[in-house]
Amino acid sequence: MKRKAGLPPGTLIPPEGTRNGIAPLITIIDYDANKYQEKTVTSLEECLPFKATDTVTWINIDGLSDIPLLERIGRSYDIHPLILESILNTDQRPKIEDLSTYIYVNIKMLQYLETAHKVKIEQVSLIVGRNYIISFQEDVGDVFDPVRERIRKDGKIRKYGTDYLAYALIDAVVDNYFTVMESLGEQVELLEEALVSNPSREMLMNVHTLKKDMIYLRKSVWPLREVISGLERSDNDLIRDATRIYLRDVYDHTIQVIDTIETFRDMVSGMLDIYLSGMSMRLNEVMKVLTLIATIFIPLTFIVGIYGMNFKYMPELDHPYGYYGVWVVIIAVTVTMLLYFRKKQWI
Amino acid sequence: MKRKAGLPPGTLIPPEGTRNGIAPLITIIDYDANKYQEKTVTSLEECLPFKATDTVTWINIDGLSDIPLLERIGRSYDIHPLILESILNTDQRPKIEDLSTYIYVNIKMLQYLETAHKVKIEQVSLIVGRNYIISFQEDVGDVFDPVRERIRKDGKIRKYGTDYLAYALIDAVVDNYFTVMESLGEQVELLEEALVSNPSREMLMNVHTLKKDMIYLRKSVWPLREVISGLERSDNDLIRDATRIYLRDVYDHTIQVIDTIETFRDMVSGMLDIYLSGMSMRLNEVMKVLTLIATIFIPLTFIVGIYGMNFKYMPELDHPYGYYGVWVVIIAVTVTMLLYFRKKQWI
Amino acid sequence: MKRKAGLPPGTLIPPEGTRNGIAPLITIIDYDANKYQEKTVTSLEECLPFKATDTVTWINIDGLSDIPLLERIGRSYDIHPLILESILNTDQRPKIEDLSTYIYVNIKMLQYLETAHKVKIEQVSLIVGRNYIISFQEDVGDVFDPVRERIRKDGKIRKYGTDYLAYALIDAVVDNYFTVMESLGEQVELLEEALVSNPSREMLMNVHTLKKDMIYLRKSVWPLREVISGLERSDNDLIRDATRIYLRDVYDHTIQVIDTIETFRDMVSGMLDIYLSGMSMRLNEVMKVLTLIATIFIPLTFIVGIYGMNFKYMPELDHPYGYYGVWVVIIAVTVTMLLYFRKKQWI
Amino acid sequence: MKRKAGLPPGTLIPPEGTRNGIAPLITIIDYDANKYQEKTVTSLEECLPFKATDTVTWINIDGLSDIPLLERIGRSYDIHPLILESILNTDQRPKIEDLSTYIYVNIKMLQYLETAHKVKIEQVSLIVGRNYIISFQEDVGDVFDPVRERIRKDGKIRKYGTDYLAYALIDAVVDNYFTVMESLGEQVELLEEALVSNPSREMLMNVHTLKKDMIYLRKSVWPLREVISGLERSDNDLIRDATRIYLRDVYDHTIQVIDTIETFRDMVSGMLDIYLSGMSMRLNEVMKVLTLIATIFIPLTFIVGIYGMNFKYMPELDHPYGYYGVWVVIIAVTVTMLLYFRKKQWI
Amino acid sequence: MKRKAGLPPGTLIPPEGTRNGIAPLITIIDYDANKYQEKTVTSLEECLPFKATDTVTWINIDGLSDIPLLERIGRSYDIHPLILESILNTDQRPKIEDLSTYIYVNIKMLQYLETAHKVKIEQVSLIVGRNYIISFQEDVGDVFDPVRERIRKDGKIRKYGTDYLAYALIDAVVDNYFTVMESLGEQVELLEEALVSNPSREMLMNVHTLKKDMIYLRKSVWPLREVISGLERSDNDLIRDATRIYLRDVYDHTIQVIDTIETFRDMVSGMLDIYLSGMSMRLNEVMKVLTLIATIFIPLTFIVGIYGMNFKYMPELDHPYGYYGVWVVIIAVTVTMLLYFRKKQWI
């Protein structure tokens, strides 16, 4: 948001990193209990006729680079400029804004990139009106295909209004969280096993990266709780009573995801403890060996050093069994020390 | 829940790991203050006649693999599809859902597996209606036998309605928590003693496992608080006033279990501190021995090294008492150092 | 509570560890502003006549082993079975239960055992009715003597009802906490001094024990807050308005005790830090000495080793001042190293 | 605030470090939808005529040293003495005070000083009245230029009242936070990379400084949450309903900044862990080398020491292959130990 | 409070450590907008005439040893016995008690003893009635002189009632906190610098003492928040609306003090980290030197040991360049090792 600083509220600037010049992909799905229509359009004007009908119209827009399009949508559907700005501000927390004629909902869609071992976060904005939903995504590709399939196949969804469609979209996003959590859980367990069997500095970095991932995930998922419960308790009549139990259900799922993230965080913290105590254990073991060696051989080296002295008058040197006597002393000292160590439970 | 992602809400899929093809075990207990009947049935149809009677009917279903059965139950008792889905989602947190004609309660039944030193968690779902309770369990085998016994023996329970039966079932589950807590408590104490007397890396792993167990237990028990207090404060007239004091009692027990878990967590954290400080203590002791040895013998070895030199002109070598003089020096140095160490409180 | 699991609610089982066969000690104190009577009775029947009078009757029962007695009390005074069960469940948290005709209060009486350096926790249950209080204790011996004395001496207490007596009993228990806190505080300070002057592994165990004591104390005292504030805010007319300021006062004392426990916990945690850093400091000091010795003598030993070699052609050996030259080298090396160490601030 | 202690409330003393004798810079911007006027004035009297008009008047005062000016403002605009004192107390937390005829808001303007790697914190006080805003800053130079530009260019802002101007000013301050956060984020990442690649004591100090910076930032930003939400929920009719959505928007931004600070704090804490474990890793590696050297050469030195003894009768010395035999022993011992170390995974 | 245990509520016992036999110092200040009177009295009876007047009477009592005086005050001003007891219980937390005809406020006055580097905590109790305030202090000497001065000089304070005087006294106490905080802040910074430049065990003890001081300060200041906000929100008409803004102001100051204490706590915690990592850094450095010495000289000593053996048949010994050859080997080994160390970045 750095570039925005100082501009008036409602100034529309595509999010950082958006590829310019690529036209957003606009698809329309229009349905009611009896009929169904789906098409890809190139201009907003093709969407407008649906405004007058009673059918549910779902306009999905992939890509946020086309500011004039967004402005035209704002004018056509009477969207508050701050909401348009919010759609483009992809760094923000999930939130809900009830503007009485429509409800703005903003959630995060997660995707686990297997190869990079990273979680990609994409913002999805929903404008939920009386007979339309406009959804905005950063890129092509989403988790909504099952919802589309259910509409096409004349599922129960066709009998309900936009509030149920909004629920279905949010539910698809939250359901996908479980998939992401499962991948993360596997990674957590792999790392844990590796840390126990063979700790290394590189693994420590992985733990650290995982910890940061958890922080970001938490930031994305935690506010969702309030968003969904805000939607469920909304007194806006866009949300019908029959839909509330579904929202409560997706709310419970969100809590479950949050619980899972917290569990992972606890586990990752525990890992660091294992790692550090493993390190200290290893140091201990190394020190013990060093002590044994030093404790046994340093005195012995002193003993043989004595008889390496060149004094003229050293009675032991001339004794015929002197050499063997030294060996006796050496063996006696060694055995004594080994017994002492065993008593101390060092060996 | 991974496999479910994208399916419409209310899609029924047996929980992961469920053995297919095994028909669930259905048992019916039907009673009022005067009469009592108990039987094992093979189809839902045998249960339906009880719907019309005023007696309390408890239908218990062990096993969640038979989706068509569940769907028939849903239709017969008018259960919301999301509730049916919840029954199958065994990963979720305990929750309560009040649907006015019935209340859905979902709790966790714990079992301490002595041999594996692990706590097994099984989900129990209760549908509490006007004159029936349907309970769903993942496997055969539960903690409800005492309740059954009390019904058979014409206990006080026969005089009350389904709300009291629901309380009795929840109470049986929570009472069982104390048994599990006791087993865990014993393990915590055993581990603590072992850590103090003889810390090892393997024990550290046990501490870590125990810590993870605590995290999972906490996740299972903590939300129970809200579930039971939700039941107690429910304004649904399925819950009679006379039952509320019993619910408050089981609520107090839940708090007691949560307190115990928190105490165990504190203890296990304290253990890690003991372990680490024990390690550091040991390292210290080892270092002290090493230092003593090195500090005493390294200078002595230097001294005898001097007189091992082969210089032609070394007056001491020719001195008749040179050798004895060296011994005097050696003893003097040793005694001085020992006194210094004693002053430093190292020996 | 393990043995209880599965029994119907209200099943009365004496707490674990209760000595059977020992009849409980029952004492009655009956008073109003004008008259006063005190006696020890052997059966409940001697208490019953006081039920009909308007005087305040305090029945104190020491010992929980006599289940039939308890059941008779339950019947005579119309006590809910769950309350009777609570009286026997000595593991539970302090709680308050308002049953309109009487209030059940359950608190913990502490006793510091000087010899064992341990805090003994005993449960006290109070049944506060219109014109009677029944108190249950686990053992003979309590902190209520001052209250008895005040009743005997016609203190202000004689002018008030059972609510004031209940307050006086709770106040006596909480006042006693301060005595216990003082003993604990002394122990904390003794331990702290000992840790600073001469840390040892045994002390670490004492810190650990103290920490566990704090955890148990906290569990006993913390819920008292809610109990007393529940009593103070109770809308049951058993609690007169004039008594509320006294309850607020004892509430403040409870907060003060909780504060003290928290302070002790903080201190004990701080102690562990002192201990560990003391250990690491000591290790450091030991390492420094080792390094100095090794750093000085290992090179010197090498030097004298050189001239211990038996080569035929070693010019230095034949030099008349060779030996003295080696001493010069030895002294030069030693001085250089000592200067280097001083520069590094190691000595 | 030390100097103030003991003075009556409302005593006006310039904040510590204020340069005296420098007259504050007063600028006025006066506008409504139709006209616009901007000027720099030298006395308060030039501002007063605007009080009577309906236009929005923004009086900005840079510098807090001129106490008499402040007192005149207090009298002219009927400002409570405590508010005037608050304006001068630059150490206080952001706060809002609603005095019905005007609202006092106090926020912190941040500035990242690139060269010093520090964040400068400056207090901005706003007096928001019916048709005027008076803003007080500690120094010349602020983040309000874009707001001024929007007024000059006849932006939407000209159509709204003082509440919108207040919003615009707060929004400018909060927008600037993102710039500061970005600079801090870069520094956090640089430090993290440096710590991983090459940890040093100096970096530890940087981590510590960063940590302290975070503490101060948190103190400045955290209360802003309450300030803005207090403004948004104010029932003072100075705040029009149309402005509330804007305030909610800036509230969301504040939450986003707080989230970012918390994330940075977590990261900085994680850094310390990395640093310490890196240290311990290094110590470990060093110890391993020391152990290897000592373990291999100390026994060998003992062996050669044996044959350096000068006993008359040592059979090995006279043996023709004695010397070579010793070499065989030396090599055998070395190889054995190396194999042992490899087995232990030390090399 | 140990000695009190068991006594009836309202039993008055001077706080521990009070010097008996020293009569408390009683001073009266009586004023309204027009007149002003100040005198030191020796008996309560001289105070009583002021009860009947409409002027504000501030009776200040230094010293808590005179129990009969306190009892007379209790009777004359109709003070509840528990309040009198509270005045003497100097260990308790700050609290507020509203008894409708008067408000009892209890706060802590801090004093930084420069020489002992300690904070002295003294309890101040205020009885705020309609036309009088009675303040109780433990010792002579307080922070109220500026308030007295303002009364004497006919300040604004003379125009207000007892509520404003109570505010002025509390404000004086809180203002003084800032002075104490500043002294503490200086000490924190001094200690931090010292820890960085030259850590020692003694400093560790200072950090520990500082930490304990913070714990006590926190206990004294934290509850003040509730006290002042309780006063501000009181519906007792002793507190006039005009005074509330002043109370809000002192409330803000209290928050600021609490913030400062929390910041100091964070800093002191951070110090311990610095200290410990400094220790570990030092140990590391020492270990490195030891390793270098040992790694270089131990092998060399072995080499020269070889040629100190006395075997008859050692070809190298007879070789004319044998001795020089050994030197070549020694230098080669040394250089190789130094290069290896440099590669490892140990030197």
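Should a chain be cited, it is by its letter among A, B, C, D and E, assigned in written order, with residues numbered from 1 in that chain.
One rule holds in what follows: a contact is a pair of C-beta atoms (placed from the backbone, for glycine too) under 8 Å apart; a residue touches a chain by one contact, two chains touch by 3 or more.
Keep in mind that what you see is a predicted model, and the values were worked out from it rather than measured.
Overlaying subunit A onto subunit E using CA atoms gives a rotation of 145 degrees, to the nearest 5.
Centre-to-centre separation between subunit C and subunit E, using Cα means, comes to 26 Å.
Here the CA centre of subunit B is 42 Å from the CA centre of subunit D.
Within subunit D, the positions touching two or more other chains are listed as 280, 283, 287, 290, 294, 298, 301, 305, 308-310, 314. Viewed as a network of touching protein chains, the structure reduces to one closed ring of chains, two contacts apiece.
Starting at subunit C and stepping first to subunit E, the chains sit round the ring in this order: C, E, D, A, B. Touching subunit B in their complex are the following residues of subunit A: 143, 145-147, 150, 155-157, 167-168, 171-172, 175-176, 178-179, 182, 196, 245-246, 248-249, 252-253, 255-256, 259, 263, 266-267, 270, 273-274, 277-278, 280-281, 283-284, 287-288, 290-291, 294-295, 298-299, 301-302, 305-306, 308-314, 346.
Residues of subunit B that touch subunit A in their complex: 1-2, 4-9, 80, 82, 85-86, 91-93, 95, 97, 99, 201, 204-205, 208, 211-212, 215-216, 219, 272, 275-276, 279-280, 282-283, 286-287, 289-290, 293-294, 297-298, 300-301, 304-305, 307-310, 314, 316-323, 326.
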